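This is the structure I have questions about; it appears just below.
Every chain is named by a letter (A, B, C, D, E and F) in the order it is written, and numbering of its residues begins at 1.
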């Protein structure tokens, strides 16, 4: 089984961080193909960077997705998620999508702890597009960006546990997501300090992808996520241009 | 791994039907413990029967759940689901829960095709309790009860495909659930006639349970689904009484 | 006029408490038939106990409801309410239902003060099933269970008034329900200390039932609350079994 | 007991029609004081007419409400309802308010059959202000205005039953309100032809008012419906001017 | 171009205040016709006063609106807005309407700072009728009435900036409206102290009206805001009576 | 005044079409700078094409937006709208945004008539991100793409009027948007055949932009649409890279 992991920002270190976090969760026979965005911002902490990253995710999929069995969009906030779901014939799962759906299973309302304060309205919007807006208790931002946190994971556990407990007490969250590649793998260390489930977005993503791949659903022939009609294009990479022309 | 399958109505034939449908999806090392409700209605097509079935599900769990690793509530509409999630230390997944969450992943809005017309308002209410009410396009009832359909699965494929296509065209559903033990295993035969994903509720349930069990979340220590405080009781089975007194 | 009062937990003391609270509100010619749950938890402070209580309420109705003109479900949170409405040919009113509808008449948004912290999510869910979720300002829990409060009503008035005033100030509640049999009759003593209407759930229930009985609506022949189709059953009391077989 | 019945349009015939419909529902000791609007449109079938009628209702209350124990706002759509609730120290109930709350008790969703097609958006707005918008299945208008129907009640029963059955079948309504003074008293004759409860708005209003008066709630000292602060005014009737200056 | 400015309360000083605030925003060729309510409360801080003001607004329009090209309803809370939109053949814009729509363009959620604490629920209701209820972060009231503030605008800037910053920090408002004629013209002085856009309701109203008048939409021939059917009336001013009889 | 018009697809003919439609609405002193997407699909009829177009819109803004006073995003569905609002110091208005806000002013609920059936779910999602989802009556698609319609505008008037009247009658729309550059300028010809306002999305966009520019709001210093923090990037155009590094 071949999984394409797309990190749609342009920091290979971040790609490597997610790979390290999810590798232990992969079955032995899995071939993971990690790809970092070919263009765009170093990390995604604004709507502008996210918009560019959506294109970069499609570009990466067109170039590397040909033989993959599934796609893992490894950037919390999931830039380009619905477009990838439309364009790919195989299952596509994002980190924010997977962890939000998992949290919504485990509690009436959940919170998200992540870095970068612009993510508050961006995530409310994203959850709205998934129909999960009503389940969000709060977005608690603990640092300017996930990148900052990635540099000092050890010192972050206390900080993160405090953020989790704050939103549990104040907002009534029944589960908390640690969102973002920068926080990948920290949930297990934060969990002992928090009384409700703490969810790692990176692990949630790979788990949901693997589950989906056990019995992958048929690609819809109509409706929201059917393949788009072919369309000509200009100025795109050869592979993306070919994919749009012949989806 | 030991899975408790609870069919909270009192028809062993229905239990057997679900077991047959999901057996092929279980890993070899799984021990499935199927239990039929000790008391209650023969099938669940009313709020009264569902209310009794919720108690029967708890009763079955108390008697047979001691060493299980997960619980599969095998009755579409999931009577007693949230109470079981509260009382069990292991993951509990219901057929309607699992298939609705799966459908909500695959489409903006989904429909449910099931037997028994009282299920329309009952399922809207159930989806409301999961926070998924806004995702439901329609409930399309095709026969008085799932039991009737269970008696003639072959003749039902055309009927079911018509019901699916009707709600796709009229209500804009992007996915359709075939809901109920009585329809278990028919989705694969209906799918070729329908342009959007057709989801088997019985298979969706077992798939989501297995996924959850790969890395089971910690039992919450607080919030909606923490263990309840101990309480004395009267007139219950010994095992349920003990469980309530010492959860 | 014969009214069946069902307390679906198993504490006769609690039944007696509600009877004392509502007796002064009954017209002289009313015969009140109080029934305590035949099985289940001593008090209802969890989803598990509530699920069992729903069955116990149906069991009590089947045994004692034959000649009654109306049914009063005397347990805040109203376990089994919609199932009873379906199965009974006469009006059924619950304490939480009645007091919530009354509060929704008197204010844009209302709060509930009750004992037992698990009731927060349980009541949000219950109000969702009535279509009133948007009207709830907050659930303020003041003690582990209503049972505790029942033991010391006098000392509770100050505590309850503080809880009411807290939610008025913080959450903007325009009315407050004192919810639960354990708080029955205390509203009149709390009211002088609170600037918005304080509603006794026990009194609200009996008032709404009496009103409904003045000109009882026809039993619906179709729709949500029509009688269910007959169904066979196993392991239930004779009377409940007969009722399901011949509703 | 003295009840003020305010018909805020200017047709005394319509006032008389409502009086006839509700008289049989009043206890013997009740003194009903019917008042017709002193100014405004002959019937209310537009937002403009409704806005003027709200003032007329306050004017009537100021002039005649001094010693009343309760106020019945006898015009479906309830112009001025919330303002009257604010200004009166006694309970105020409107026909649309009462019948909508009653319908919301009896079914998951209800429809309104009434005359005058402008009432569709006006009633959706009104129900929104009561927090009941989500419960409305449809507004079915059957004639230009309620006044037209008032002239030929006999011939209207078939027409109304058809309208009820149409919205039951098409919109899934579980109860239907016959809304408006013009339809007062017809529900009993329509009911035999319809499978779900048919509610007379005029009777629902008086029933809810009488219920409320059995144990009238304390006038709120704060919040939405407390008395307003005194305010000077110009050009109003003496009694309304005095009431605003000294509520 | 002739604009009718209706201040539906009865204080000419307030009319003059709005005129001063908006005059600089009018094109040179505009003739502004300011009208103060002929009857009603001196200022609008209750539902009762608002209900009367709605009639006064229609009365003013009927008397003075004949040749106007647009109508500016210059009272925050917009009493009579939808009725005026129905009855007028020319565009009608209210201060609360315009500023709320403008704020909803500039931020995910906005707050309103205004005087008079009863405006909290009244504005929530008003925004509900516009379909904007979900966009409101909070209503922050800073003084008993806008009239009080009008008397001391200079001392109010600090107070208002504090109120704005409070709701930005606590409620996450992305824009703040200074609502009410009493606050007209203060936004520019408050803005430098606040990090999100501060909107003057008086200026927003005139700006939206002028924009609408550049290419005024056709008066709808059907639907919510078409002219109402003619209706006879009693006790109204001659001009309003004629307008209702011949809209 | 200098306005940047960004058509984020790659068809200059479509850019020219919009320019022709809006030119008559521009004040004489306006300099319009039309830009066509440098890369991407020829027209936008899928989520994939829209995701790429969002990047292309940012790219165009970075290259040509330096001295502009406002930005007009001339592609219905508004790819990149919120990102542009974040990144630009001047007002940004999109065609779908402007026409939807205008329609929401003119009617309780509105419909959109546009080409390309994938736009149904895409527009529901877009309106959700603006908080307008509840105002949408229906999306009526009349042709595969707006491009097809652009080729034969004359023959389309009847077709479009039929689509408008269909959704007015069936869905109760009180206003209809003709959405898309391909339909620019047709509303005036369709209006005489339709009883509710018909809105041209291209004209609505330019009108709202001009209005906003009369008194442009201060760029927010905090909240949703403040400038993003600087971020390094890779593989982007020089101008976009510089803009992200120094917004």
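Here, a contact is a pair of C-beta atoms (placed from the backbone, for glycine too) under 8 Å apart; a residue touches a chain by one contact, two chains touch by 3 or more.
None of these values were measured; they are calculated from a predicted model.
Q: Keeping to the contact definition above, tell me which chains border both chain D and chain F.
A: B, E
Q: Where each step is a move between two chains that touch, what is the least number of such steps from chain A to chain D?
A: 2
Q: If you take the mean of the Cα atoms for each chain, which one ends up farthest from chain F?
A: C
Q: Can you spot which option in C-E, A-B or D-F is basically C-D again, with over half of the contact pairs the same by residue number?
A: Within C-E, A-B or D-F, the interface duplicating C-D belongs to A-B.
Q: Rounded to the nearest 5 degrees, how far is chain C rotated relative to chain D when their C-alpha atoms are superposed?
A: 180
Q: Have a look at where chain B meets chain C and say same if over half of the interface residue numbers show up on both copies, different if under half do.
A: Answer same: the two copies use largely identical residue numbers here.
Q: Chain B to chain F: how many Å between their CA centres?
A: 45
Q: Calculate how many whole Å lie between the centre of chain E and the centre of chain F, each centre taken as the average of the chain's C-alpha atoms.
A: Using C-alpha averages as centres, the distance is 29 Å.
Q: Chain E: which residues touch two or more other chains?
A: 108, 121, 125, 172, 174, 223-224
Q: Can you identify all of the chain pairs that touch?
A: A-B, A-C, A-E, A-F, B-C, B-D, B-F, C-D, C-E, D-E, D-F, E-F
Q: Under the touch definition given earlier, write down the residues of chain F that touch chain E in their complex.
A: For chain F paired with chain E, touching residues are 25, 97, 101, 104-108, 131-132, 134-135, 168, 172-175, 191, 195-197, 199, 203, 207-208, 210-211, 214-215, 217-218, 220-226.
Q: Under the touch definition given earlier, write down the residues of chain C that touch chain A in their complex.
A: 120-121, 124-125
Q: In the complex formed with chain D, which residues of chain F make contact?
A: These residues of chain F touch chain D: 108, 172, 174.
Q: Over in the complex, which chain D residues touch chain E? Could you list them?
A: 10, 37-43, 45-52, 54-55, 58, 80, 82-83, 85-87, 118, 121, 125, 128-129, 144-145, 223-224, 228-229, 231-236, 240, 244, 247
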